[in-house]
């Protein structure tokens, strides 16, 4: 084989002729995870720094998702699960689009693994590294198992750069819950890449919508919840001010992402 | 309150009058987790460096457990799960005691969290820090969910001090599996504490058996498995030489530890 | 070699006939590191939960040390530095002993590595896992180098279980500084091990003093500093209340620990 | 302030009107660090998968840099050093450009922090997360200090996804060393971003050269070194085959990056 056959086979850096090193392979990307979803309300006028006004009107509702994921492409990642597993905290805000439809927009998200970080940036989910913990519900009647039954309590937390940023606690009500946040509405993101050749120019992000296929989920288990947003010098999600926890739910979801489309495409 | 009322309320260091800072509170300790258990066989004569001959005869069977735990005392840890969750890899070897009974002995175990590390040392489980990954089985029919059904493949790995030490891969057979390793027999450990006032003297470890109560478990799901033990300059588990994977099983277990007893008590 | 020759050669668990796996080898232990030391004052009556009254009278002075260490025994750790390097935050409080002499006592310390954690517990330094960051001073005139000259600013932080616990900032004055805290006075610690066979009994800690040899240090560089202690649900160091930063200094120190003695020995 | 004033002030995601959350602020970016540089040689025909043939002719020389960095923009990062510090391992290969000039190209690099990861991708340094350890030389005569004098030994290692990938050991010769690798020649990188709207299309990377200003360095300390490249399923740097360590050096360097230019600009 000669160098004349060199074709980049890396979907992301490093770009090589084998593609083996590329941090992220091309989609489809399969995700399955355990989620705690806590809806919240806030004063809509507070959110303006977080999203372009062209997106539409902020309605004053949002959701924090704490997620414990397993992801794969062809499945080899499940045999070496350091490649598959990560936890993340996702914030989405509900928007009324100019055409009257509703969607979600993701202004902030933190994950604990590089593959997911870059995959997120490509989808317009603005991932940074953060550390999420989330109580799991195990199918056992035991004090440490947090089983899916009325009265079970779950906790979740996010720390970013060594500071606690978000905490939540939830109590299962024993009733059926709802899919909330990005599980309930199409979710838009902003993709953009700075160009160091023009180092003082901010990117003009492109609004995209992931192309989601093959969604499956368990029952959603309803919960009452509390939610705290702590001050943080490196985050502007605190501009939302006092947020009030609303409905909450927990359960498992599986999603396959095949690509993305223009937000209005 | 005056200093004359000072009583140490720390079960472990730091020792203070509040006990708040103590890394480990007194038992009972409740654990619930998802486990992949891979039994193995080896040449019994290889194991002698790993355990005191007074324990009994090494029969040439052992088990590696990869575990994704949640642990608590009064339950507050489940509301702030950084206190509750950890992963670990456990090696146990089967012994025929001088009285003809069989038990397990734990010569090596690695965990990713301090609370569990110290709790382990107190029980004679010789924990060091190591990083375990373990595919989870989620109750979804989805490519990333590894559901509990025939043909599903699971992976597990342990890295210690930046080197991969153990890998396993398992395929669910769809049949009922067995509890293996420490789930099948009482398990002994060696507790000992060096005394820096006699810095060249090795401790004489005390053999103990945890006092386990309230064990519950899900069905065990049988699997075929492969198991690799990689060379490592800081570990002597490699003295077992070629190990051969045998039966394997996966499932959930809940245990409560109330204390410990002398091994022969 | 037969099993009849089995002798435990592990100074700490795991206890094996090779001693290879033992987390901590016997002393001497050599440490060298870069430290930021910030002295502080507090109301002496606040400290009573933190130390046994028999130690003596709390004088209302203490020190926080942020340290970036390299440690070794026979030197092999410096060739595989994952074995050698760690960071820690140390709190010491000054005591007037019943005999009128002064010493320090360590009621709280956090480190990011297992070898150091256990080595600390053996010395009566009550280590738990925590994450320390500390600006380094590099011998370059560059905006990112924080060189040792008047006006250079340094920062330091400690996070424990995902929460920021201590922050400090310091500005070098260009003057000679002092050794502070454990660098200025003998330092006592409390060693104790819970016995799970008596699970509700708190240990009675033994007060010891490390046997330190071969101390070397660079010049100490004086600084003015600020120090913040944040509330934390799992730590009782906050009982000190408002603390006020005093003198500060930065520099390098090397220490060899050969063992320990009874505090009054 | 109204939403009509919304301007993206984020240089990287998240894109917000404050820019506070953006993971990476615009350059200039200042870096200062301690580096161990190990040059190596290899069979030039092995390297073809790693770089586009249009870059020029691979000459069979390269360098691995192990680096312990501190980075900042306006300096606030040095006051909260979790924002400033990281370690990384850099591989560069020497190229003879079509015009006969020589340069370096970076086909692989691993870092332990998100800010640096994204900053790298923007410069064409194809960073992924990896864990680097590197013995530091402290200005003390002490067994743990590895001072800068003849005979001192240093170690370095890189682990990626729980597997050791590169190890090096070096012994200082007491002689003056050279700047090697990216410290000796301009270094090119490949910038590219996959577009999820065309999910099966690989990016066509742009070759760029960082615009470096204000470089300072200490003396370089020469060393003899060994270098090992271990097999890794997720990396293709192993295609280089047997590599042979050549010259090595250690020292401190400070660099300021102001932007980037086209490789041939």
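Letters are used for the chains, namely A, B, C and D, taken in the order the chains are written, and counting of residues starts over at 1 for each.
The criterion applied here is as follows: a residue touches a chain if its C-beta (ideal position, glycine included) is under 8 Å from a C-beta of that chain, and two chains touch if they have at least 3 such contacts.
Note that this is a predicted model, so its numbers are computed, not measured.
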Touching chain sets, computed without chain C: one piece
Chain located farthest away, centre of chain B as origin (C-alpha): D
Whole-Å gap separating chain B and chain C, where each centre is the average of the chain's CA atoms: 30
Distance between chain centroids, defined by C-alpha means - chain A, chain C (Å): 39
Chain C and chain D, separation of their C-alpha mean positions in angstrom: 33
Multi-partner residues of chain D (at least 2 other chains): 80, 82, 133, 157, 162
Topology of the chain contact graph, where touching chains are joined (line, ring, star, complete, other): complete
Residue ranges of chain D in contact with chain B within the complex: 131, 133, 157, 159, 162-164
Partner chain C, residues of chain D touching it in the complex: 30-34, 70-72, 75, 78-82, 84-85, 133-136, 138-146, 153-157, 167, 169, 214, 216-218, 252-254, 256
Chain C-facing residues of chain B, complex: 1-4, 6-21, 23-24, 26-27, 48-53, 80, 82-83, 107-108, 113-114, 117, 121-124, 126-129, 161-162, 190-194, 196-200, 202-205, 208, 210-211, 233-237, 239, 258-262
